[in-house]
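Read through the structures below before going on.
Shared between the two complexes below is subunit A, which has subunit B as its partner in the first and subunit C in the second.
After this line comes the complex of A and B, so read on.
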């Protein structure tokens, strides 16, 4: 914990010696070595908060998060497939507040004034910052598909933010009769977790195979190809025969209208598909606070300087995770965590009047096709001429790997979750 | 009074800080390079799960393993043979050194 005495001591020792601060003096006086407000306690935000404190405990860090417990989208597909209980994908902020002295504010971040360096909460409280980190994840583009609005999502879940939506989808899958049809509508790029829809149908197929073996799964896709496609399709055939049917964009896979009451969708060329359980993974954009802060582009995402993840549009605001434009890095929890560390290092360097360090990230997205059948895509990313590029090598699991290789990747998928949850929130599995 | 010089410095720093986005320091911080490894191998290389811990392993062992991954000669490799190719030999040496000292 940071005590008042410690803050004052560090202020006396360092405040006048550190010139590279661009905030009002009054804010600096209250914030010791600098004040950072982080919005969003997911993979990106919790990691950024933690790693700023790890690098310099004298920086005051406040984390603003709407929920007292964070449920991850990664591994929520295991819950949907009946392979995990819901609480096993939930994480607390105890390590951040208890071990690292991060101040937790449970509330909704409403607005940002980039000139005044203030964040306003829905409660009306105003927080001053020297550096703001936005890690709000995604928001749904309500209405982008006709008929799919917030009310429709109460009947037809998206389950693309883990929480009540995920539980609703699981309840519907459990209630479905054997012989029913589960339809998942997958969006065009870019969206959160590119392999996520395909892992989801895999683990729901695994659940159906043992519990409702006469059931059918259809993916209606707004794309002509998807992440790890060859591996997924080979795995589906090997484990589930013809239970899963994938309908590409070119085969009229794009859903343009949802009738939530009837659990029907209509595709581009007017075909109506009726589902017993319907899961619409809709088009997305950066979380609302990014719009409010003025850091988003026309596409709804936040362009950033990849060395620091500082917004290209508003100084002293860093945007990390799904909300940022970091392609070719995927919108994944792994990426968000890795970006959170790079942003943390850059912010600490800036407070110390130093240039940021050369960044580098890896990303590995594991997907489970079955409980003992894992696949992955792994790449290293670097910055060349101000853009994120894929480093040499990388790629997906080999197509001809044996069952033992697939089993090992399934074990490593669990190991990855344990490691990143521990690194981000201090969760001990 | 010190107020004025400080204000001037703050103003200059804020302008320069934004204008120079993209500049990096020559001597890179190994913990930035290593941080991404934590996501699977655990914070500072101490794994809480099924992926091997790498903290405190001898430098020579870590380096030989990373070089074998990069060369495609490591036995039982899964993702590491795809990731190690993304690093220069110098980066692999720096990572092996860092994790050996944890």
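After this line comes the complex of A and C, so read on.
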């Protein structure tokens, strides 16, 4: 591996010495400056592909993505609450292919050979890479909760990847009679989008309030505390009275068994809860391709060097987004986007024979408790001794803010969504 | 907060997992002797238990997250899987977190005949560190295992006090009413309690006095079958899963004792068939 790096470095140096314009076009198109394959066109992958091309168009970038259109989890809770239509959270890859010359392969990445530097697709096609970026997001740990497998998810959606699952949950909410009970089972950390379950019940409560006011919401939680808890609970009380009940881990909130047919769950100490609409947000792990590439640890996530997001286990594979271990950075679209830029810069630098620069990031998580009631938490992160740590700066929305402040944060949340969608896919919803 | 692949399911599954863990040859295969670092020698509390014994780095299975985003509540599972010689059994399991203000987390005492050396609980970790587990055998042998845990604070996580003052000492227990003879009986317990360390200040800056559940004792037909000794680093709402193996039908009594002397009880009749 060391030899290989050295070769790339000297190659990079040569490429630099030759003025870019004098290079034959063919060679540029074939990626004279290096070949990168990116798996996953979500928040992390699309950003990495774009920013590699922005920094050095001579690098050949191939994006492998299973779907031709990407639907975001961010704002999918607004869709569930009836506040947005589904297409408004969909994005195409036109900017990446059209403006940036990224080659798009619509297909499923099946396997990686880290020694040979090849990626094999389900179609059987093989792609060679100098650097591989994996941003596959999460996979569900099927069976981690007894009775919750893929078949069960067709009856009891998780809706933790935006798409058919999200639509199924919305259909069930629409079909539910007034006076029904919606139950959400929330997992232990780490999982995708720590405030996500609580935003979801908020916007479903908003839908119930206007359409099915006698309904009830129960969150069964495998944790004793959650992201922005105080702000959420105050907001729930202010907007929805006692419609939402939160059952913590210590109050027997952890679901251990799901009966999908009966829409029932059983908690740790044996209490059975019956729902009219049941949403299980199950325990998660890195997307399957990370396992196949051998970059995951026994916890199911990919440890990385936070300066480059290169795997600590397999060289020349960078893992970004939800699949990576970047704690204390949360598994958020915002983090994935920021990490995509860090990995892009590191890869461009490596091809040029340069040292990566020390990154620092910010993450802001907006959550909506109602359409006009937003809250946020912001944090700044830096790298100390090879680990990500929280730096000074950032903060949470004040507990005693007035209605106007909450309304403005809801507006900022919309602005955040438009900005990140534009930065990642070049699309404005 | 976890990153382990712990399968927290019940009854059938966990028992099977347990049996697989202690099942002779299999256990040997899955617990190769591992090199033990010397770090434990610097911890007085561990030395006190180890004494002159030469700890064996085998058979101690520790499940802890690699990274935790909430040091106040870290799930821990310990099982002793070393095949025992005839008549040999585990008498105690001790847990230590040397970088906590008080390294001793808990001790679990097993009684010959009832002993099934596996427990699951939730602990407090002040910072990133190595957690040590020491198992004493009646033969005098000492087994030891260690596990590194990284403690971070999630940027999206805000802490809140979760213990409910209006239901102090309320207990939750899950235990089967009947069990086949010779099969371990799983006992899952939780008691609502702040497990105050005495090291914390309240919102006004006044020290909050120490107040701990110190002991959980399980008696079967009046005989002590299992004892847990809890210290400051057991999470609030002390949670414990353990097993006993009753040989005849009888009464299970659980008694929790606070350092004030106050106590809480739970009783159940168990049919052994």
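Just so it is clear, the second predicted complex is superposed on the first by the 399 of 429 C-alpha atoms of A that agree within 3 Å, B and C clash if a C-alpha of one lies under 4 Å from a C-alpha of the other, contacts with A are read in each partner's own complex, and residues count from 1 in each chain.
Note that a residue touches a chain if its C-beta (ideal position, glycine included) is under 8 Å from a C-beta of that chain, and two chains touch if they have at least 3 such contacts.
Only a predicted model underlies this, so the values are computations on that prediction, with no experimental measurement involved.
Engineer: Per the overlay, which chain contacts more subunit A residues, subunit B or subunit C?
Structural biologist: The partner with more contacted residues on subunit A is B.
Engineer: Using the touch definition from the top, say if A:254 reaches subunit B (first), subunit C (second), both or neither.
Structural biologist: Touch status of A:254: second partner only.
Engineer: State whether A:329 touches subunit B only (first), subunit C only (second), both chains, or neither.
Structural biologist: second
Engineer: Would you check which partner chain A:288 touches, where first means subunit B only, second means subunit C only, and both and neither mean what they say?
Structural biologist: neither
Engineer: Should A:224 be classified as contacting the first partner (subunit B), the second (subunit C), both, or neither?
Structural biologist: So A:224 only meets subunit C here.
Engineer: Name the contact category of A:423: first (subunit B only), second (subunit C only), both, or neither.
Structural biologist: The first partner, subunit B, only.
Engineer: Looking at A:307, would you say it contacts subunit B, subunit C, both, or neither? Reply first, second, both or neither.
Structural biologist: So A:307 only meets subunit B here.
Engineer: In the overlay, answer first, second, both or neither for which of subunit B and subunit C A:83 touches.
Structural biologist: Neither subunit B nor subunit C is touched by A:83.
Engineer: Return first, second, both or neither, reflecting whether A:342 touches subunit B, subunit C, both chains, or no partner chain.
Structural biologist: In the superposed model, A:342 contacts subunit B only, not subunit C.
Engineer: State whether A:299 touches subunit B only (first), subunit C only (second), both chains, or neither.
Structural biologist: In the superposed model, A:299 contacts subunit C only, not subunit B.
Engineer: Report, in rising order, the residues of subunit A that make contact with subunit B in one complex and with subunit C in the other.
Structural biologist: Dual-contact residues (subunit A): 379, 381, 390, 394.
Engineer: Quick check on the complex: what are the subunit A residues that touch subunit B?
Structural biologist: 16, 19-23, 25, 51, 305, 307-308, 310, 312, 315-316, 334, 337-338, 341-342, 345, 349-350, 353-362, 364, 376, 378-382, 386, 390-395, 397, 405, 408-409, 411-412, 414-420, 422-423, 428-429
Engineer: Give the list of subunit B residues in touch with subunit A in this complex.
Structural biologist: Where subunit B meets subunit A, its residues are 2-3, 6-7, 9-11, 13-14, 17-18, 20-25, 28-29, 31-33, 35-43, 47-51, 76, 78-79, 82-87, 91.
Engineer: Any idea which subunit C residues touch subunit A in the complex?
Structural biologist: Spelled out, the residues of subunit C in touch with subunit A are 1-5, 7-10, 13, 65-70, 72-73, 75, 150, 152-160, 162-164, 172-174, 188, 190, 192, 236-237, 239.
Engineer: Would you pull the subunit A residues touching subunit C in the complex into a rising list?
Structural biologist: Listed in rising order, the residues are 141, 143-146, 188-190, 194-195, 223-230, 248-252, 254, 256-257, 268-270, 297-301, 325, 327-330, 332, 363, 365, 377, 379, 381, 387-390, 394, 396.
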